[in-house]
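Chain nomenclature is as follows: A, B and C, assigned in order of appearance, with residue numbering initiated at 1 for each chain independently.
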Amino acid sequence: MSQNNYEELVSALLFSLQQRDTGLHNRDFLLTWEQPLDAIEGVIETAESLRLMVEADISTRVFDTGLAISLFRDQSTRTRFAYATAASLLGLSLVEFDEKKTQIAHGETVRETANMISFVAESIGIRDDIYLGEGDAFMREVSEALTEGHQSKILPQRPAVVNLQSDLDHPTQSLSDLMHLRNEFGDLENLRGKKIAVTWAYSPSYGKPLSVPQGLIGLLPRYGMDVVLAHPEGYDLLPDIVEKAGEFAKESGGSFKQVNSMEEAFEDADIVYPKSWAPYQVMEQRTAYLRGGESDKLDALEEECLATNAKHKNWECNADMMKRTKNGEALYMHCLPADISGVSCEQGEVSADVFEKYRLTTYREASYKPYVIAAMIMMCRFAKPADILRELLNEAKPRRAR
Amino acid sequence: MSQNNYEELVSALLFSLQQRDTGLHNRDFLLTWEQPLDAIEGVIETAESLRLMVEADISTRVFDTGLAISLFRDQSTRTRFAYATAASLLGLSLVEFDEKKTQIAHGETVRETANMISFVAESIGIRDDIYLGEGDAFMREVSEALTEGHQSKILPQRPAVVNLQSDLDHPTQSLSDLMHLRNEFGDLENLRGKKIAVTWAYSPSYGKPLSVPQGLIGLLPRYGMDVVLAHPEGYDLLPDIVEKAGEFAKESGGSFKQVNSMEEAFEDADIVYPKSWAPYQVMEQRTAYLRGGESDKLDALEEECLATNAKHKNWECNADMMKRTKNGEALYMHCLPADISGVSCEQGEVSADVFEKYRLTTYREASYKPYVIAAMIMMCRFAKPADILRELLNEAKPRRAR
Amino acid sequence: MSQNNYEELVSALLFSLQQRDTGLHNRDFLLTWEQPLDAIEGVIETAESLRLMVEADISTRVFDTGLAISLFRDQSTRTRFAYATAASLLGLSLVEFDEKKTQIAHGETVRETANMISFVAESIGIRDDIYLGEGDAFMREVSEALTEGHQSKILPQRPAVVNLQSDLDHPTQSLSDLMHLRNEFGDLENLRGKKIAVTWAYSPSYGKPLSVPQGLIGLLPRYGMDVVLAHPEGYDLLPDIVEKAGEFAKESGGSFKQVNSMEEAFEDADIVYPKSWAPYQVMEQRTAYLRGGESDKLDALEEECLATNAKHKNWECNADMMKRTKNGEALYMHCLPADISGVSCEQGEVSADVFEKYRLTTYREASYKPYVIAAMIMMCRFAKPADILRELLNEAKPRRAR
C-alpha cells in the first residue's frame, strides 16, 4: 500500500470516528444489541484504521505498560491468538488466567479476584459459552466488580471486559464479519437490500454454541439487509434474540424472516453463512445435565441429538446449493473451523469444492478479529480514541526497524 | 492526583531513598529479617514512588528487554498476577517456569537450569512454601548458581531471586502489609506504640502455611509496635522466628508477647490480623509424610488436625470480638482470600459483616504487592535506584497515549 | 567490555555480514545443509553482534510489536527459554501454542491454523523431534501455508519458521556449537584441520533423538574439520545425512570417517562431543509402534534397547578417555543436560570429574542459543539485517535504565 493511500484512508475513517458518541469509555463490550450504531461503527472504523496502519508498518502501540488478561472457559486457538495479537499491537502484556490453577466461582470470589488481577489491567477478555444462562451473567459480575474497584480507587483505571464469546453473543466474530462485508461490498451503506442466508448446516458433532448465528441475526438486520434465518424445525435460537432481529429489521428498513429450508434461504442470496448449531432447548437441557453432573443423561442426549442431526444431512452448502444464489456467486462466509465434507469429516457443513473456492476469503474474514478486539479495547479505554489514532498516524513510528 | 502533588511526594521519597545503604544490589530478597531497615524502607519508598507514578500515568519502564521468570510450586492467582504486573511495569517479559514440563530437583539440575534460563533474566520470582525446610533452601541453591554463573561471565547480569513465599517468610506480603500500615497511619514512625494482634483464626481447612504470620512477627516488632501473637495452645510458629520477634521488639523499644486467647489479643488493639495456619509441628509431620508418599498417614493427619481445629471455632473475628479493639474500630487486615463465615464456608476466620465492612480496605492492602515486587527487583538490579526513579520522574513519559 | 571494544568488534562483523547473499529473507531456517555458507555464517555474525550488544547493554529491539509463536511437541526448558529470550531481545511478544488445547493434525488444519495465528507473527519456532519422518515434514507444511497466506495478502508479513529441533536436524544447537568453537578457537578459519570426535556415549535411557549428532556431522565437515563419527555397531544415523557429511568433507578439504571405538575417535582429538542416541532403525520402529499405539511392543523395544545399550557402558567420557586427546586437553562439548555418572545416574555419558572440569564451558556453549535463534529470525525477517544492526549500534539505546 502506498504511503499516501493509507494516510488518506485512515484520515477519512478518523474524521467519521471523531463525531461518534459511542458511550464506550470506561465501559465494556458485551453484546452488540445493547450498543448504539455509533459504538458498532466506531469499533469498525478503529479496527480498520489499526489494520491499515499495521499493513503500512506504522506502530499502533498506545500503552507503554499494562496487562491484557484473558480467561477462556472453553478451548480456543483462533480467539486466543486474536486476543494475543490485539494485546501486542496495543503494547499490553498478555496474561492468561488459568482456572485449572484457581477456580473462580460466583459471588465473593469473582468480586475479589477481578480486583486482585486488575491493578494495571486495561482489558479482561472472557470466553464463556458452554452453559446457557451463565456466560453473559459471569461477564456482568466481573464488570460490576471492576466498576466498584475503580470507583473505590482500588484500581487506578477501569479495565474493559471484552466478550470473546458468551452464551448469547459473539461480538468479536459478528463485528469481524460485518467488517468483512463492509470491505467486500465497499461500504456499510452498500449492504442495504443485500440478502444474507444465515443457515443451519449439518455437522456430525453436537452442542455447537448458538452465539455465532445469534450474533449475526442480532447485528445484520440493523444494516438494512434482508436476513433469512434457516434451520430445520426445532433448531431454534433464543426467542428473545430472534425477536430483536425482527425489530432491528423494521427500524432499519431491512427484513428478517425465518424459513425451514436451506434451498429457500439460498435463493438469490448475496451472502450465505451456513453453520451448525444445537437447538437452544437442547443447550438448556445440556446445561442442566452438565451442572448436575448427570453423565448418563448427557450421553443419551448426545446420542439423540446426533440421530436428529443425521436426518438433515442434506443441509450441506455444496455446488448445487450455491447455484441457487445470486448469479451462483454468493459470498460464502464461516467463522472457522468449518466441518468440510470429505476433509475434516465424512459429511459436514460444506462440500470440499465450495470451501476450497472460498477458503482464502474465509481466512481474510478471520483476519479482522484481532483488529476488532484491539478496537474494542481502545474504544473502552480512551475517551477520545480518534485523537489517539490521529497522533499515531502523525507520528508514524515504524512498527519494525527499517 | 494533581501533577504537583505526585511530583512532590515522589521527590520526598527519593530524597530519603538516595541516602540508604541497602546492600541489595546484585543480591536477592529472601527474608526480611536478614535485611537492614535501609533495605526494608528502601523497598517501601521505591514501591510507593512507583505506585504514585503509575497513578499519575507516568511510565515506570526501566528495562527495554529482558525476562522476569516465575516459578510457582504452589497454586497462585494473586501473587502470580502481582508478579506479572511488576514485570509489565518495569518492561520485562514474563516467562513462567512450568515444573510439570521439567522437574528441577536438587543439586546439579538446579545449578544448571538456573543458568540456562537466565541469560537475559533480571529476576526469578519463586514460590515454594509446601515443604517445611525446603523452600528457603531451594531459593538459596538458585541464588548460589546465579552468583557462580555471573562471576564466571556466563550470565552478563545477575538476576535477583525474589521470594514470593517460602516455608519461612512471605516478604512481598509482609512488606505490602507494612506499606498499607504506613499509608493508613501516615508514616512508619506513627506505628510506634500501636498494638497489632497477629492471631490464629478458625478455618475448616488445614495445612495453611506459616509464612504469613511468621512474616508479620519477623517484621512488625522492628517498628516499635506492640505485637501480640495469639493462637490456641499447640499452634506454634517456628521457634527461631518467634525468638527473633522478641529480639526485634527489644531493639526497637516495642514489645512482643504471646497469648492463647483471641479476646486478650484483640483488647484495645489498633490493628487485628486474624488468619489461620497449621502448627509447625504438623507441617513438619506433613512434610515427612508428603516426602515419603505416605498418603494413609497424610489422610489420618488431616482428619486429626481438622478435629483439633474444630475445637477452636470460637476463634472467629466477628462484631463482638471487634468491639474489644480500640474504640471498636481497629484496622482489620488479611492477606486474602479469607475464609468468611457463611460466604466461603459455613464458619471461618471472619464473620461476613466484619469482612464486608473492611472488604475494600483489604483490596487496598493487596494492591501494594505488585509495587513491592517491582521495587525489590529494582533495588536488586540497580546500584542507584533513586537516580533511576528520578530520571523517570523528570522524563515523565506517559504510560498510555493521551 | 569497554565501549570501543564492542563497537569495533560489531562493526567488523557487520562489514562481513553486509556482503553476504543469504537467501533467507522471507524464508525459514529448517536444515543447515540446505543453506549456503553465507546463511550459516550470516547467522553467526548476527548472533555474535547481538550478543556483544546485549553484553554492552545496548538495545537490540527491532520490533515495536508482533508475536513470536512457539510450538513444542516435546518437553523443553532450555530451548523454550532460549526462544523466549530471543523474542524479548527483539521486542516480540511470546505466545506458546498449546496443542493440548488444540490438536493440529495434518493437511487442512495445519494450513488454516498456521494462518489464523500469524496475522502479526514474525516467527514460529517449532520443536517436533519425536517421530522419525514427521518433524521436518510438519515444518514444511506450516511453511507452505505461510507462503500461501502471505502471497494471498492474508498475512501482511511472512513469519519465519525456525526449526527448534526436528527429526533430522537441530540447527539452533549445531550453530550454537559452531559459534562456541569459533569463539574458543578464535575464528572459523582456525577450525580447519582440527579433529572433532562426535561419539555415541552410554546412557541408561533410550530413544534419545538423532538430531544433535546429525546436526553436527551435517555442519562441521563444511569447515575443513576432521570429523570422526564413532558409535557401537548398529547405532547408525540416517544414511542420507552420513552421506552428506562425506560430501561436505570432500568439498571443504576436511575429512569425515566412521569408527566403532570411542578410544579411536578420541585419539589426538582437539574436541570431543560424547552424547547418547538411539539407532535410527530403532527410532523408525518406535515411530511405527507409537503411531499404532502398540504399547506392548514399545515396552519390549525399550527393554531390548536398554539391554543392548548396557553392553556399551565402557563408552563413557572419563579421565582415562580424555588422556587420549590432544595433550589430554581436548575441548569437551555437550548440548546439555548430560547424563553424568554418579550424579544424574549411576553410570552415564561422562564421568563427574570430567564434566565438572568443563561444566562452566558447557554453560557458555549453551549461552549462544538465544542469540542464534534471534539471529535466524532477523535474517529471515529483514532484507538487510546488517543495516538494521548498524542502526542499533549507532543509536546505542540503553537496554536498561542507567
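Throughout what follows, a residue touches a chain if its C-beta (ideal position, glycine included) is under 8 Å from a C-beta of that chain, and two chains touch if they have at least 3 such contacts.
Everything numeric in this text was worked out from a predicted model, so none of it was measured.
Engineer: How would the chain A/chain B interface be labelled, same or different, where same requires over half of its residue numbers to be shared?
Structural biologist: different
Engineer: State the superposition rotation angle between the two copies chain A and chain C, fitting on C-alpha atoms only and giving a multiple of 5 degrees from 0 to 180.
Structural biologist: Nearest-5 rotation angle for the superposition: 120 degrees.
Engineer: Averaging over Cα atoms per chain, report the distance between chain A and chain B in Å.
Structural biologist: 41
Engineer: So which bits of chain C are touching at least two other chains?
Structural biologist: 93 - these are the residues of chain C that touch more than one other chain.
Engineer: Mind pulling up the chain A residues that touch chain C in the complex?
Structural biologist: Residues 54-55, 59-61, 75-78, 80-82, 84-85, 87-91, 93-94, 336-337, 340, 343-344, 360, 363-364, 366-367, 370, 397-402 of chain A touch chain C in their complex.
Engineer: Help me check something: in the complex, which residues belonging to chain B touch chain C?
Structural biologist: Contact set of chain B toward chain C: 62-67, 69, 92-93, 95, 97, 101-102, 104, 107-109, 112-113, 115-117, 119-120, 122, 148-149, 152, 154, 156, 381-382, 388, 391-392.
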